[in-house]
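Below is one structure, written out as structure tokens; comments come after it.
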Amino acid sequence: ASGDSTGGSAADEEITIAFVMGAESDPFFQAMKVGAEEEAAAQGVTLVWQGDPSNYSAETQIPIVDAVLANQPTALVLIPTDPVALQASVDKAVAAGVVVANVDTRVDDLSDVLTFITGDNNDGGSKAADALAAKIGYEDGGSYEVVVGLTSPTATTNVGRLDGFTAQVEAKYPGISIVDVAYSESNPEKAATNVNNWLTKFPGLDGIFAIDGTNGSGAAAALEAKGLDGTIGLVGYDAYPDNVAKIKSGIFTALIAQDPAAEARLAIKSIVEFIREGKTSTKAEVVIPNVVLDETTSADDLSKYTYVAN
Amino acid sequence: MSGELIYEVENVSKNYGSVVALDGASLKLHAGEVVGLVGDNGAGKSTLVKVLSGAHQPDAGRILLDGKERHWGSPREALDAGIETLYQDSGLAPHLTVSENVFLGRELVAPGLLGKLGFLAKKNMAREAHEDLERVGIAVPASSRSISQLSGGQRQAVAIGRAVSWARKVIILDEPTNHLGARQAGEVLEVIKAAKAKGLGVIFISHTLPHVLEVTDRIVVLRLGRIVMDAPTSEFNSDRLLGTITGSISAAGAEGE
Amino acid sequence: MSGELIYEVENVSKNYGSVVALDGASLKLHAGEVVGLVGDNGAGKSTLVKVLSGAHQPDAGRILLDGKERHWGSPREALDAGIETLYQDSGLAPHLTVSENVFLGRELVAPGLLGKLGFLAKKNMAREAHEDLERVGIAVPASSRSISQLSGGQRQAVAIGRAVSWARKVIILDEPTNHLGARQAGEVLEVIKAAKAKGLGVIFISHTLPHVLEVTDRIVVLRLGRIVMDAPTSEFNSDRLLGTITGSISAAGAEGE
Amino acid sequence: MTGSVKVAPTARNDRRDHLVGVATNQVTILIGVMVILVGIFSLLEPKFFSVPTANNILTDWGSVALIAVGQTFVIISGGIDLSVGAIVGLSGVVAAWTMANGLGLDQTVKGADAAPGLVVGALVAVGVGLGVGLVNAFLINVLKIVPFIATLATMGACLGFSVIISSGAPIGSANDFSLISAMDPKANPFSWTVLGVIIVIAIAGLFLHKSRFGLYTYAIGSNSFAASAAGINVKRHLTMVYALSGALAGLAGMFVYIRLGAGSPSSGTGRELDAIAAVVIGGASLMGGIGRIWGTILGALILFTVQSGLIMIGVAPDWKKVVVAVLIAAAVSAQVLQNRNGRK
Amino acid sequence: MTGSVKVAPTARNDRRDHLVGVATNQVTILIGVMVILVGIFSLLEPKFFSVPTANNILTDWGSVALIAVGQTFVIISGGIDLSVGAIVGLSGVVAAWTMANGLGLDQTVKGADAAPGLVVGALVAVGVGLGVGLVNAFLINVLKIVPFIATLATMGACLGFSVIISSGAPIGSANDFSLISAMDPKANPFSWTVLGVIIVIAIAGLFLHKSRFGLYTYAIGSNSFAASAAGINVKRHLTMVYALSGALAGLAGMFVYIRLGAGSPSSGTGRELDAIAAVVIGGASLMGGIGRIWGTILGALILFTVQSGLIMIGVAPDWKKVVVAVLIAAAVSAQVLQNRNGRK
């Protein structure tokens, strides 16, 4: 963590925390914003919430970080869209005496970063494999077909989830084969199209892993339209309110939920602690576990983990 | 001479940036009268035409129709008042057919509800376009061909037909005989005479001075955006007209009318 | 009559879809000769011009320059062979200035390395454009104005100036006097005579028959894409020429040359 | 007849004209391309040649066909409308929001009871699209911004608003839509919504090709000076054209909303490019004055046949973009034969 | 002089002409817009008016300015190039791949030792862009596909290939770039890479406005029939124009690669729209024949000033798209005053 001398001395000055996320249009970050705002208000610090309106990309994020740093905030919470490309921005911030934390994703070199708080995409992927296998009643010796709906070839979050999913399938469910993958390009209608074509091409399809909220929405709509909801396993990612409602109606077998609000709260709390007291109890790397939401989940938990925006 | 004063501009001026295209020009047109508007290249004739037709708004000056001052916000308003114009260029839509161009802005619609919805009577238009063109003295082949497939003279014939067949009060023809064959040009002169006989006012622009002398009642000469001469045709002969246009004869008769 | 045979087409045909625009037309042009190409609207004159200038490829027939058969793949090839053409329309770039249009395709470049890189000598071009236009007998105001800011006749003057100042062997003029004032049109005829005197071959297209009779050595009459008459100008008078064009006089002399 | 300006009649060969016309006709070529594509895909994957596949393709086609038809009017008039994709998202979100929050319609309504919600939703969606179309027209006619930039700006604004309204997440539907998508996709490639789209397109096609409205659209795209000199109110007409394009995009938003069972801000992402591609594959000229509804319809159908076919024959997702690019280039260049009556 | 076709001299007022010219001049208006924007942002956030902000804006401006300059040539010639954004990504990825895999360059090279890698990278990036530009020209000239669709197809293909090559993830750089971005951003708004961009743009501007190459570009966009009738080889010239646009996009890819320290397939996403917006804000006409380098440069600068300013004054991300849309519309409509010598 940072040993920068500005650390403890800023206690009396007004603290401004810049929070630069990935893409505002993703409900994941909207939920994160809720957590960040709550915590900032509780701690009595100023929050500057920034990020690209819709593009999750390094080239659009770097100028935003640059502009935010030009305003000389006390601290920066960054969700780097690329581990290599954003390294220079982190170095620049640290050099300017700004305290930096990473949330959700990280830069390559964490040595100057106060803390890195994340949900575990790999773990989420393997939990999805478990949920899907349970739904399709996996037995050794059987043979099952599943497909994976991806966002785009360059979406970094896809990679960890798909790796975790594939690894778990290979290790524990060798009878399951991933017969195809396709991209939705962030458009739920395209996600529905992909599923429609798979249903025609693989009449015996057993399950679908929808890697994000958009793919989940599209897959759910496609299954409903063909009257296949409930018969084909569908495991989604991210607890969009609309998709959570569809767990009850049996369309989603399960949803893998992260807790973005908790990640944001912890990041802000640690930073404020560090600035006011010169040290923080938060560890250098914190993994906030994923939760599997399914029909057995209590109503309280369902609403607790649902991504809400204000 | 001839009928009532129907159309008049007083002291109109028009600049394009720093180029003074019209500089206080005035012009009067009576019913049943053909006025020739002549002048050297760049004298301002087409600019005056555009002011008269509502395509351009003048920077200064008044426009009077039947004695009432009018301001044309768009060509539509002048058309509605019965003033039809043939422009020197780009007056036709190249992708539309001959009959569509002739009827553009006054399409025939199908009978009944369909017509109220704006559905067109295409066959009727094709037939009537042909008839209309013939009635005013112009025949064009195959009214279903698009303008872009016609020769230069064929296009010009369609444009003339369009202007002539709709005019109710005033026809303004900016170099109508360009691109036309010798016989066709002669026939345009006949068309002008017929329009005059019907009591329309005609403004005829041409560089072919014999045509101007043959068909007009009065000749207005523009030079550098100013009217330098406005006199009955009978006062001109070929040489005097050419001299006035080029400026080699000083415009002694500028006040004449 | 006049010099050597320089340019010749034999039996060229050209269709636009089902429209037969040229149907086995043949034409010969000698050095120092002015050939008048006349015909009714839509007869195929402009199509023949485009075949001669390399803008269109004929469907059939041969093109011979100085007795050697040539195939023009593009206007560039014909231009390089010394054949300059004024098209009936759209031969100028409206956004470019007068001098840029005059020099287009043969710009003057700066001296030295800059010139090798294609850097232009704009001032020289502006001056020389003016001089060139004057030399061939045409004056246009302000060579720094863009074509879109000129009147119809001013544009035509630039186009003529362009064609005339560059020709080395053949000049093809498709209705050059359109849009031009009476005096300016007369001056174009002088320019044609001057070109003839310099030994160029000229093809002159016009619907103004007195001009054709005044300036040409030979007249070729097109009707419906066919040559119906090819005879020395001395064999025509105004009425006979008009009759041959319109078809009211049968083309007895079609074989004459 | 005395005094008639007769121009020489032209030698014509009408029979040959007709045959050449059919062979080089835009629609004929497009149908040929379609047949070849279906043939190839069916050979490589027999399941492609089936009713469910046709159903999939038609369902995908529905939303893009709607906006492509509006785009056809815009492109023929000489403009372009980049905002339509964003309108699809915004109108779906606003319709969903209105039903859920504004009217408090219940998510559990079933069957015929859902009709009022649907009508309200459709009205709201079309209204939103219409409104954005009018803003486009204002920017173009009054502020004189070129259509490309004007509609790029409204595209950005629509995306922004749909995220603001929805917080980025889909808004669940207030109704059960089984009643309008109830046809059996195994036996019948059409759904009620697709039939609805076909009716709307047929009406739009009639107006484009048979009515004054369509004629003026061509006239303005062909030569706007000539159109205004003929007395056409060019600004008013363009306002109607952009309003129509917006309204059809709003309707497409409702179509997508019904399809997804939710209003999602990202549901129209990139659809404007699909629509423009369909129009141009269909033979329209981006310079204006040329284009036909049939061409657009087939253009959109070809696009989605390619998309579906590539998934069905199992082209790897990373290669799909490349293959789509090649196929579109091939389809469009098949039209080189075609002899357009273009300007210059 | 006898026999001269004299047309009437025109009454002119040269002094007034000059004043009107300056007042309505494109560049003057754009500078005015720029000054107003900087003024507003500085008032709302004094830190905006500083060297580091200028440095940020110029760095952002660099890559888009490069492709916008290429796009200026394309648009003046009457075309459009939608592939440039994708070329940025592809060329960056290929350059990174070549350095890392093809040449086996070491990631740890520092200082001047990095120069060979940079030169190789730049050559590869420009070569890739040039190649794509030539493909565009082939589609447009030989297959007669309209530029919009031709470059849309290559855009798809480039995106596809960059993903295939990189497997979707950024490829790390083989070099340390500190030597070329070593200027002090606190004291100096320029970096070496930005200076490089400025030099390239200056050269391109000279060619556009002073050379035969530029003149032919205007002539073709103004009237391609006239251009070819004047003996210009239109196809060859357009080939060079699209090759230039591609090559500059490749250079922009290298610029972005240096900035990110990695070749990322998504790094150019959407940049084509920024570039086109910059060109049009700069006063060019999408109909061809009109446009200036200065306008484009200022157009791009305005775009990025707005982007930076909105973040610094703290506009919330979801409202940003809306505000950008409004500001662009305002900037472009400020040019209504300007009297274009447009066709019709």
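By written order: A, B, C, D and E. Residues from 1 in each chain.
Just so it is clear, a contact is a pair of C-beta atoms (placed from the backbone, for glycine too) under 8 Å apart; a residue touches a chain by one contact, two chains touch by 3 or more.
Computed from a prediction, not measured in an experiment: that's the story for all the values here.
Counted as hops between touching chains, the shortest connection from chain B to chain C is 1. The minimal number of chain-to-chain contact steps leading from chain A to chain B is 2. Taking each chain's centre as the mean of its C-alpha atoms, the one that lies farthest from the centre of chain D is C. Chain C and chain D have centres, each the mean of its CA atoms, that are 47 Å apart.
Averaged Cα coordinates give chain A a centre that lies 72 Å from the centre of chain C. Once the centre of each chain is set as its mean CA position, chain C and chain E turn out to be 42 Å apart.
With centres defined as mean CA coordinates, chain E is found 31 Å away from chain D. Across the assembly, chain C contributes 19, 39-42, 90, 141, 149, 151, 153-154, 157, 180-181, 183-184 as residues in contact with two or more other chains.
Multi-chain contact residues, meaning those touching two or more other chains, occur in chain A at positions 24-25, 53-54, 153.
For chain D, residues that reach two or more other chains under the stated contact definition are 7-10, 12, 159-160, 163, 223, 225, 318, 320, 344.
Listing the residues of chain D that touch chain B in their complex gives 1-10, 12, 206-207, 210-213, 215, 218-219, 221-223, 225-233, 289-290, 341-343. Those residues of chain E that touch chain A in the shared complex are 45, 47-48, 50, 52-53, 56, 59-60, 63, 163, 167-170, 172-173, 256, 259-262, 264-270, 304, 307-308, 311-312, 314, 316-318, 320-321. Residues of chain B touching chain C in their complex: 16, 19, 39-42, 46, 88-89, 141, 149-154, 156-157, 175, 178-185, 207-209, 242, 245-246.
Of all residues in chain C, only 53, 55, 74-76, 79-80, 85, 87, 90-96, 100-101, 104-107, 109, 117-120, 122, 134, 137-142, 146, 148-149, 151, 153-154, 157, 160-161, 180-181, 183-184, 187-188, 190-191, 194 touch chain E in the complex they form. Listed in rising order, the residues of chain E touching chain D in the complex are 139, 143-146, 148-150, 152-157, 159-161, 163-164, 168, 223-225, 273, 276-277, 280-281, 285-287, 318-322, 324-326, 328-329, 332-333, 335-336, 344.
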